Amino acid sequence: WRGVSQKAVQRLDISGVYPPIATPFTHSEDVDYHRLTDNLHKYADIPFRGLVVQGSNGEYPYLTPEERVEVVKKVRQALPKDKLVMAGSGCESTRATIQMSQRMADAGAECVLVVTPCFYRGRMDSRALINHYAQVADSSSVPVVLYSVPANTGLDLPLDAIIQLSQHPNIVGLKDSGGDITRIALIVHKTRSQGFQVLAGSAGFLMAAYSVGAVGGVCALANVLGQQVCELAQLCVSGRWDEARELQYRLIQPNTAVTRQYGVPALKQAMEWFGYHGGVCRTPLQPLTDSDLDQLRVKFTSNGWL
Amino acid sequence: WRGVSQKAVQRLDISGVYPPIATPFTHSEDVDYHRLTDNLHKYADIPFRGLVVQGSNGEYPYLTPEERVEVVKKVRQALPKDKLVMAGSGCESTRATIQMSQRMADAGAECVLVVTPCFYRGRMDSRALINHYAQVADSSSVPVVLYSVPANTGLDLPLDAIIQLSQHPNIVGLKDSGGDITRIALIVHKTRSQGFQVLAGSAGFLMAAYSVGAVGGVCALANVLGQQVCELAQLCVSGRWDEARELQYRLIQPNTAVTRQYGVPALKQAMEWFGYHGGVCRTPLQPLTDSDLDQLRVKFTSNGWL
Amino acid sequence: WRGVSQKAVQRLDISGVYPPIATPFTHSEDVDYHRLTDNLHKYADIPFRGLVVQGSNGEYPYLTPEERVEVVKKVRQALPKDKLVMAGSGCESTRATIQMSQRMADAGAECVLVVTPCFYRGRMDSRALINHYAQVADSSSVPVVLYSVPANTGLDLPLDAIIQLSQHPNIVGLKDSGGDITRIALIVHKTRSQGFQVLAGSAGFLMAAYSVGAVGGVCALANVLGQQVCELAQLCVSGRWDEARELQYRLIQPNTAVTRQYGVPALKQAMEWFGYHGGVCRTPLQPLTDSDLDQLRVKFTSNGWL
Amino acid sequence: WRGVSQKAVQRLDISGVYPPIATPFTHSEDVDYHRLTDNLHKYADIPFRGLVVQGSNGEYPYLTPEERVEVVKKVRQALPKDKLVMAGSGCESTRATIQMSQRMADAGAECVLVVTPCFYRGRMDSRALINHYAQVADSSSVPVVLYSVPANTGLDLPLDAIIQLSQHPNIVGLKDSGGDITRIALIVHKTRSQGFQVLAGSAGFLMAAYSVGAVGGVCALANVLGQQVCELAQLCVSGRWDEARELQYRLIQPNTAVTRQYGVPALKQAMEWFGYHGGVCRTPLQPLTDSDLDQLRVKFTSNGWL
């Protein structure tokens, strides 16, 4: 692909807001497809661009390959046609990632979200990562979105790798969960001529990301406050920054609480408060302690959401 | 001060752009007051709100206490009256910081910038830092600005400490060089009712910081491209975000190069290219290697500044 | 199990040296069972206590569950009966780890080595990890060895969790690859009354670990210099510390080179130099650059091994 | 000095145990020379090789240059002639370090301990540090000991710099407080032909350090349990490793408690329990909370020291 003309190809438009959906489990920790579908019906009324299935919040490392594919199938069936399914297909090895990407495409995903492999992080330099992503993108029948989430992987996809990969015609964008706004701005600056699209990986810096040229966000908090996150995005897109700022402020603490601070168990708990099915996580993730639960609630009440 | 009414007191307005000025040395590594004054005369034409004297870029850890005070005196004498002198007065111990703050005020500084003590960083929790800053602010005859610069100190001033300290009538704001935009937004959200003012600590995230409510910036790059950094700030203040974004993009790489990437020696080198006196650093800071020098130049040329 | 008497139960003796064997691949990246068996035959002459199959050096995150089990089966068949097979069975979820541990036992492993789950490392506190390991140990038909490898997982199994887990009758020891010798000494101090056994996770600190009470090591370098690592262990066990020290010195640089510095590709390269089958890694792991290859060789030649 | 013959020069023998003494303060936070002298008299009965004055535990960053020199003078006067005074003379700039080293020598110090400058840690590479230390050693009238303490400085003196500096005739050794035993062994391996001497920077890994070739230790805990730390060293020197191990075990938790865990305030508290003057620290260091105090006591009682 390095030989292709470097002018922008026509790429899938991925701009907009996505909740990286949680995976509900029964009390015996099996995937609860009934409750999952229920959530999807509720999400249908919210102006999401689509859903991310099996981002970090979907507990994908705890699902078998078969479960990962089955969940995507179920989501695609339950979702209106105009919503995108962006399916997490990242695995540690390139060959497994290629295979999983194809299975996700076959299951109906419009594009795949590929997290950086990370176990041998000391060896995951630009050379290794460019090779990995290029192989995946070369073979995938649907577009690829890069995914950098250092809080989980201990690894930030390097800028030079992103720039080179942005020239691949089958790589359409990046979900950046690191939140370094200087880096996000620089990525946009260096890749926009390729039509490369950057999505903020969290509601905490969604407005700032829009301000420097991002085109959307994959926001855990959108599982809980989906309408509000979409409203924030809309205010940014239409240049109503003063209103956006006030809304952004009130979303930061709830967002931090359901992500970095208390993690997926908190996200699922908050979903319950707002009428969705959250429920338990798979072990070893533990339920919140009572004290954490109280703290979590405060982050929503003190910002006027509960 | 915890007993004072929590309504906003009338605080010194620190909004605007500041270069944290470099300290020129002669080849024998003495402070070169002549070249310093020369730089100040050139800065006089740029719409800075003031100058930061002895931020990290001023090599203050390499100056004796006497030199620190003398430099502030010289700057105050050379600077037009309408420009603020914000003088770095932080030391490791509280008693030394109190004494240095008073000497800075006596030397003419309008306010002092107090970096977090950090040598015993494992013990510098909120309790210790609140105690430190409160003692300094209680005794200082000029307003205090908090200063968090984790790249140098290995320590981020905790949010809860900032919130509590924002209620002190003699603490007017914060210079945040960490660049975590979510944190910056949250700080503004939690302290603006006190009239507390947040300054971005770098040109790399200046626009994003303005977008979430910061009121200015202390930007190393302003030593080199002062007019442009001021223009960026002005575009943000007047809500011309699309123009701001284009300018912001072109400042990121030069900024990173003169700060995190190549440090003070690069800042001083770039100053030479743009007509200021930079010169050598005090040892142990070394001049750039030829290879680093080439890379540094590219960051300016490729963004259209050289 | 918290109810069991806390006196030491009779535990599997795991003392001694283990190479965490590499997994040879064909050029199409399939597992090369022929070359694997060849290596095993060569290892048979070395006084190893056993082999670790699917530690980090076995590229286990790149193997399918079926491959993981199949490799263990083949190793068990090829290995003399008096050598232990310690099989890596860790997965991210507790349920998958339980299942994999059972499959490993069925494939003939004498014990299982269970790495800390780590993807949600922010939530993997002592509570979560104790729960995880206790469930795995409760259900496993063979003894469990804990495995802490922060360089890959970004997570150190906390001391209090180790102490509590050391009381479980089916948890026999720990492989500690972190290399903090103070921590290793303290772990021995706090768990030896339970008969809990600590293995050094690297040849770099094998002698120091023995000096503070460890009983063996799982050493990547033993894939290459197996006889020498066993000799070092024997010198330590027999209290010939002065001779041990001289040998230890010469193993440090080669060990660092095939682990932290250049990783699995270097380990496999060095195996080729010493008459074993190493070969390529699965992608995304890349072959060494020529320059790294030269450096790697120097680490062996300058210490008198090549 | 690079031109000198690389055979070992006759160097000051620094082998043995040193407490890095604490600096007692009055309640108004002035140096309490009376209590300091009192401590020194008690230390005279313990077979220390000497004292370190103004290591990290001496709160040297909180002392003025004048106080630093004065304390060294007082210690030299109070100490028997056969004990070494190793005086911390490190400052951020090379010129200040040179000057302080001379003042320490003039005050009677037999050698100086020079911590790595660290504020601009991003620029403190081997080139800068070699230059710094070589200048200091060239000009110093007494031998220089390198000092690497990453917990405080965020910087580990690189191995290649140590190796090169070990060839300087006026650099006699290194205090390594990082505690990476693999690194310590490698440093000994690479520098012992020069007569370079390595001191462990903590009692927590003193035995392990001896096992790989260190010749002594600078141990905060020796302020409290000086006799016992000397006994541990003696057991190691005379090859009684089994007895050494038992004693080492019991020193780890008290040592961690007075260093990394609770810091200088804990060290000073423990000194009070054992008949020395500890007292308050200078602000911003805070006294221990009641809860920390209880925890600290447990670390001594549960190991049989209180």
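Letters A, B, C and D name the chains as they come in the text, with residue numbers starting at 1 for each one.
The criterion applied here is as follows: a contact is a pair of C-beta atoms (placed from the backbone, for glycine too) under 8 Å apart; a residue touches a chain by one contact, two chains touch by 3 or more.
Being a predicted model, the structure only gives us computed values, none of them experimental.
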Q | Distance between chain centroids, defined by C-alpha means - chain B, chain D (Å) | A | 35
Q.
Can you compute the centre-to-centre distance for chain B and chain C, using the mean CA position of each chain? Integer Å is fine.
A. 49
Q.
Give me the residue numbers in chain C that touch at least two other chains, ranges are fine.
A. none
Q) Taking chains as nodes and touches as edges, what kind of graph is this: line, ring, star, complete or other? A) ring
Q) What chain-chain pairs meet the touch criterion? A) A-B, A-C, B-D, C-D
Q | chain A - residues contacting chain B, complex | A | 179-182, 185-186, 188-189, 202, 204-205, 207-208, 211-213, 239, 241, 245, 248-250, 252-253, 256
Q) What part of chain D is in contact with chain B in the complex they form? A) 29, 56, 61-62, 64, 92-96, 117, 119-124, 127-129, 131-132, 135, 151-152, 154, 260, 262-265, 282-286
